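Two complexes, one shared chain (subunit A), two partners (subunit B, subunit C).
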Partner chain A sequence: MPLHVVGTAVPRLGLAEKVTGAARYTADLKRPGMLYARLLRSPHAHARIVHLDASEALRLPGVHAVLTYRDVPQERIDADLPVLDAVVRFVGDEVAAVAAESEALAEEALRHIRVDYEVLPAVFDAEAALKPAAPAVHPAGNLVGGQWLVVERGNVAQGFAEAARVFEGTFHTQAHAPVGMETRAALAEWQGERLTVWKTSRAVHAMDRPILARVLGLPLEHVRVICPNMGGGFGNKDESRVAVLAALLARRTGRPVRLEYTRAEEFVAGRSRQAAAMHLRIGVRADGAPVAIDMQATMNAGAYVATGMRVTRRVGQGALYLYTCPHARFRGATVYTNRPPGGSFRGLGAPLGHFALEVLIDQIAVALGLDPLEYRLRFHVTAAGQPGQRTTPPHELLPDEPVEGGVPFSSNALRECLLAGAERIGWWQRRQPNGTATGPLRRGLGMAMGLYKGGVGREAEAEVRITPAGRVRVAIGNVDVGQGSATVLAQIAAEALGVPVDHLDMVLADTELTPPAHITAGSSVTLSSGTAVKLAAEEARRHLLEYAAARLRVPQVRLEQGRLLGDGETGLDWRSVVADLPGDLVGTARVTAGSRTHLINAFAAHFAEVEVDVESGRIRVLRYVAAHDSGRIVHPRMAENQVSGGVLQFLSIALREELYLDPRTGVTLNPSFLEHKGTSIVDFPPIEVLFPAPPDPLAPYGAKALGEPPVVPVFATIANAVANATGVWLHQVPFTPQRVLQALRAQGKIPA
Partner chain B sequence: MAQRIPITLHVNGHPQALSVEPRTTLLEVLREQLDLTGAKRACDRGECGACTVLVDGQPMFACHVLAVQVREREVTTVEGLARRADFQPLLEAFVAHDAGQCGYCLPGFAVAAYALLRRLPRPDAWQIRWELVGHICRCNAYEKLVAAVQDAGRRLHPEPEDP
Partner chain C sequence: MRPFRFVEPTSLAEAVRCLQAEPGKARLLAGGSDLLAELKDELVAYDCLVSLAKVPELTRFEVTERGLYLGAMVTLAQLEHDPRLHGPYRLLAEAARGVAVPEIRAQGTLGGNLCQRPRCFYYRQALTPCLKKGGPDCPARESPYQQYLVLMGGAGCYSAHPSDLAPALIALDAEVDLVGPSGARSLPLERFFIGPEVDVQRETALAPDEILTAVRVPLLPSGWRGTYLKARERTAGDFAVVSVAAGYALECGTVVQPRLVLGGVAPVPWRSRQAEALLAGQAPTPEAARRCAEAALAAAQPLPHNAYKVDIARALIARTILALAG
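Right after this comes the complex of A and B.
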């Protein structure tokens, strides 16, 4: 069947309204009588509040309420996150919340709250925090969950015994911030015992609503959460106290309350990516084939873990899956410290683990005298998946986290990606042997691969309503965090119905108007909600066709591009037959998307050409090619934008972004755009994006995940290109000029 | 209570009589008093361009200007530009090139691009980059933004050899 909407470049929904300022984001909203909130934050990395006096603040005219740990429910937001607490665990931890007539006044009130602290010893380094004598950030100890996460396939000890050579390396990645342009915000309003919250979110159904209901002691039906528009999610923006404090202040004052983070607060008290220390060992046979891969990671989760365990798990993904290898193991420790809390950010742990894996593989290839691309073409995992036996019965398998052998991929176009990218950058013609360039400016080509599991096994629901007004209302509970999922889901619904996209009204991210939905995370929306939308639209279409056939007194009709076609009927607009409908025609679907027999993964191969100035240590990226297997591309232009945006975002993380902490006090030293400097409009070349893969047989219309895969291979691609230029592999992100010079000196490539 | 000062601003062609504190920024007046929320507050300290508006036709970061500094002057926000005929080609080009993802940076970019195209009718890609260098887009839609502005220049000022 030819596709009419999927695969075409319809205008991104809502884009024009965003340009003209008509689209409202949370902080743009106002309610009658609204008050403004600000938060008092801890100046200490670890302390106990011994005395707190807010009376002076409350006496300021226009100040309506101050909340401290004494005024809030005991029920926690997360297991380790009280609404407010007498103990503060990082510099910037929330101490009190103020509501006042203006933001300036609320800010002023903060200075009139008197707090005396008993300062406690603090620990910032994850390894140090694991020592028995380390100060405990939480009562149960600093190792989150009390144990290491261990995932093993085969038996690595046996694998290393069979290895001809063993290689190893230690790698570090930094704490850095996601930096959505919109800061966290929430607006809360009560009507009697009913609460409405507008907020920045990626999971109004799955997280915000149940958390608010539980903490505030309300029935779920009394809580409505809406995310109007998101100014950049990047996997971040939940896991904090924003909405709960706004709701409590609103209840206390009887007025709507809006709370918005400043940029500095977003950097410090938002959720950043955990710093990682990784140790990797790889054993290879005489022909170079990997026979054992063993990775160990220590993750600095900061003061509250939030989604940190999921981040840790994803660190091991590449090590466990990217190369055909009978024995693989990942061990990860997630560790509390007194750093600002980590959380999830685009790619979770995958870019970190892939950095270690793909750099060490490059080192192995070169040590064995193999071209790094050739090595990967020989040993990358194929569609057959990993060797070995599957032992868990399919119905017991955790669908998005199987670690066994014997599970094939639904599709795997790694090879096509490798070949297409190599061809585009001129790998075979232009690449010189590692470290042979001379002179002050040295050029090199490098590459790395990546894989990413997207959303398999998530539950999703959708509702598609055909109304007598001739519109189609598609309701999904997901949030479009800015990546364009509303447009992609509209395309899928339009395709399944047989109508143009502009006949659709998309309703997202409002707990009252949409069926329950999973979180917008793990690059899952296209796969899981896409499947639900497709099924719901197909059901609505069946109802419509039956109704139309009866009305037109014909045995059968078809619907194509908005026209009804059938015996004797020639291209009647479908909207002309529904005007007399007694009610809406409704299709609904509830699915657990994905497969229990196959892994549905996205793959990528990235290539870069860099120039390293060995006098200044500066790395310039000259070219970047990203080849992706995300199955069928639903919207080519948006997909290209998604890939190039992800790569550009991570190029500046690879080269410079880091949250610096004063090691004595725990103060974040650079919480601003200028000092935690992201990609600007002049920094990097255009990203060349390729989609050489065929549609996936199991995914809706063959479309696999695309939100996060583009960021996965970036660090390693640059490190490997730098190694080709200079002969030195960098093992620590970001690759700052100082680190480049240090590494070149240490390995004798430039004079000490 | 802080002292308040009566001022008049001309916003999108209309005089607005306001009462502001000396410390109040233009951005706060636009967003909180006039409910013109097209200008975004992404940093509030002149580092990102999300709050860009025109003051007497010149692009300025509204978070970095006090309301009292621009009394009696002509302030044009993206909402005002959106009603102008010569803004439409720019808007169409943004949509045609899919210039933007989450959209938070876009009103700022659009206002600055509008001013740029009045000064430099058909800029090349590097002129656009250096002129817009103060604007941050964390979705990194930069290439599409550059293409859109360049295209808008061609749409606004066609030359005979254009297809």
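Right after this comes the complex of A and C.
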């Protein structure tokens, strides 16, 4: 069947509104009588509140409420996150919330809240926090969950015994902020015992609504959560207290209350990327084939863990699965410290673990006298998957974070990605041996690859409703966090129905108007909700065709591009036959995405050319090629933007971005766009995006995950290109001039 | 940000009176790109901001046979784009183009750039007391984050002077005009900047009730050329980790009237007379450039985490000297 909508660059939904400024974000919303909230934050990294007096603040005219730990429900937002607490655990931890007639007044009120603290010892480094005498950030100890996460295929001890050579390295990645353009915000309004919250979100159904209902003691159906436009999600919103505090202030004051983070608050009290310390050992046979891969990671989760355990698990995914290898193990510790809390961010731990893996693989290839690309072409995991025995029972869905062997991939175009990327950048013609460039400005080519999951096991629902007005209303509970999923899901629905995409009205991210949905995370929406919306649209289409056939008094009709076609018919606009419908024609679907026979993963191979100024330590990225296997591409232009955007985001992190924490006090020293240095337009290299892969046989219209895979290989690609230019592999992100110069000097690569 | 009053005097005399009326509690506002950030971050608080936007003579921009006259409210964008800044004065346009981003250059002023405060992370964070904010000690000296700290000239406080224009203007032998309650005075720009050994809470000799009104640049030999190089962590919107303003004229293949001024390495723009003396009368060869760089950095005593800035400075000095050789 030829496709008419999937695979075309239809106009992105909501684009005109965003470009003209008409789009409304949470912090643009106002309700009659609305008050403004601000938060008092801890100046100490670890302290107990011994005295708190808000009476002076409450006496200010126009200040309506102050909430402290004494005024909030005991029910927790997360297992380690009280609504407010008498103990503060990082500089910036929430101490009190104020509602007032204006933001300026709320801010002024903060200065009139008297707090006396008993300062407690604090710990900022994850490895230090694991020592027995370290200050306990939470009562159960600093190792989250009380134990290391251990996953293993085969037996790595046996694998290393079989190895001809063993290589190892230690790698570090930094804490940084995801910095969505929009800061966190929530607006809460009560109608009697019913609560409506508008907020920045990635899961109105799966997270916000149940958390608000549970913490506030409300029946689920009394809570409505709506996410309007999102100004940058990146998996990072939200795992915080914002909505609960706004709702409590609104209940206390009897007025709607809006709480919006300042930019500095977003840097400090948003959820940052966890710093990682990773140690990796790889044993290879005489021919270079990996026989044992063993990775250990210590993750600095900060003061509250949020989704930190899942981040840690993803650190190991490359080590466990990117190379065909009988024995592989990952061990991860997720550690509380008095740093600002970490959370989810694009790629979870995968870009961190892939950095260590793909740099060490480069070092191995060079040590063995093999071209790094040739090494990967020989040993990357193939469509057959890993050797070994399947451990998932036959009737169960296979995970998309695989460990076990003995299971094939539904599709795996790593080889096509490697070859397409290599050809585009001129790998075979242009690459010099590592470290042979001379002069102050040295150029090099580097590459790395990656794999990523995408949506298996997620429950998804969709409702497709054909109305007598001649419109199709598609309701899905997911949030479009800015990645464009509303458009992609509309394309899938339109394709399945057989109508143009502009006949559709998409309704997303409102718990009252949409069926339940999973979180927008893990690059899952296209596979899971895409499957659901396809099934629901197919059902609605069947109803429509039956109705149309009866109405037109023909045995059967088809619907193609909005035209009803029967035997010998020239075609009739479908909208002309539904005006007399007694009610809507409805298709619904509820699915759990995945496969019982195949692993479903996305793959990528990235290539870069860099220029290193070996006298000033400056790295310039001159050119970047990203080749991706995400199956069929639903929307070519958005897909290309998704890849180039992800590459740019992580180039910026690779080279510059970091949250600086004062090691004495735990104060964040650079909570601003000026000093948490994102890339600006002049530092962007040209990025070429390639999609050389065929459709996946199991995914809806063959489309696999794409949101996060573009960020996975970036750090290693740059490190390997720098090594090609200079002969030195950097083991610590970001690759600042300071680190470049120190590494060159340490290895004698620059004149003294 | 705390509330403040905003006044817009229309003459210098009135502006001085506004400052005098509230000693220490009124502050001059030029482009605001630094001051407003300080106010928002609550590093400083003033009862009154005295805008200079309506004082006409501060926007004077003249190029005459005696040199340049640049009013303090001339914008960085004007310096970047004015076609009269060619020949010897091209150096100033280059330095202006290195500042921040186009939006800030359109707003930022010459006077504001010279009077901006340091970029040390500890000075810029209200939660960390430091000497410059009246605190008891310097938390930055042992910090891992020292890209904006000095290589030389620190005395208790180790923050480096961040201005891009100052090294260029000192290389051009600029003087500044100041006006205060007791009248006008002028001094060489080099002496306008003061180190922490003089006053740790200020970076300039400007009194709280004085106004920087103009910068004057004398006429330079027509063959004199300068250039400005700035090492920073990103290409736009960033401060100098190290910057170098260098200039000289070539007569019969040898250097005359050499100038070498470093930014980002000392509490004040750092002019190296030793390096200049070494270069004078020499041909600008790679070897001369290297020796010049060594001389300029002879006094460097890096902090625990910024020795790499010496490498960068050495490279930039040599590159500026060689670039001017043609």
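Assume the second predicted complex is superposed on the first by the 741 of 752 C-alpha atoms of A that agree within 3 Å, B and C clash if a C-alpha of one lies under 4 Å from a C-alpha of the other, contacts with A are read in each partner's own complex, and residues count from 1 in each chain.
In this text, contacts are C-beta pairs under 8 Å (C-beta built on N, C-alpha and C of every residue); 3 or more make two chains touch, one makes a residue touch a chain.
Since the model is a prediction, treat every value here as computed from it, not as a measurement.
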Touching A:R24, do we find subunit B (first), subunit C (second), both, or neither?
-> first
Figure out whether A:V179 sits in contact with subunit B (first) or subunit C (second), or with both, or with neither.
-> first
For A:T736, is the partner it touches subunit B (first), subunit C (second), both, or none of the two (neither)?
-> second
Look at A:L674 in the shared chain and tell me whether it touches subunit B only, subunit C only, both, or neither; answer first, second, both or neither.
-> both
Of the two partner chains, subunit B (first) and subunit C (second), which one does A:I687 touch, if any: first, second, both, or neither?
-> first
Give the label of whichever partner, subunit B or subunit C, reaches more residues of subunit A.
-> B
First (subunit B), second (subunit C), both or neither: which does A:Q642 touch?
-> first
Determine, under the contact definition given at the top, whether A:A104 touches first (subunit B), second (subunit C), both, or neither.
-> both
Pick one for A:G566: touches subunit B only (first), subunit C only (second), both, or neither.
-> neither
Tell me which partner A:G484 touches in the superposition: subunit B (first), subunit C (second), both or neither.
-> first
Subunit A positions within both the subunit B interface and the subunit C interface are 104, 674, 679-682
What residues on subunit B touch subunit A, complex-wise?
-> 1-2, 21, 23-24, 28, 31-32, 35-45, 47-48, 50, 77-79, 81-82, 91, 94-98, 100-107, 110, 129-130, 132-133, 135-146
Note which residues of subunit A are touching subunit C in the complex, please.
-> 43, 91, 104, 264, 440, 613, 615-618, 656, 660, 662-665, 667-670, 674-675, 677, 679-683, 736-738, 741-742, 745, 750
Complex contact set, residues of subunit A against subunit B = 9, 11-12, 14-16, 18-25, 27-28, 30, 61-62, 102-104, 179-183, 229-234, 260, 262-263, 481-484, 637-638, 641-642, 644-646, 648-649, 672-674, 678-682, 686-687
Interface residues, subunit C side, partner subunit A - complex | 3, 37, 41, 101, 119, 121-122, 124-125, 127-128, 139, 143-145, 147, 231, 233-238, 241, 305-306, 308, 311-312, 314-316
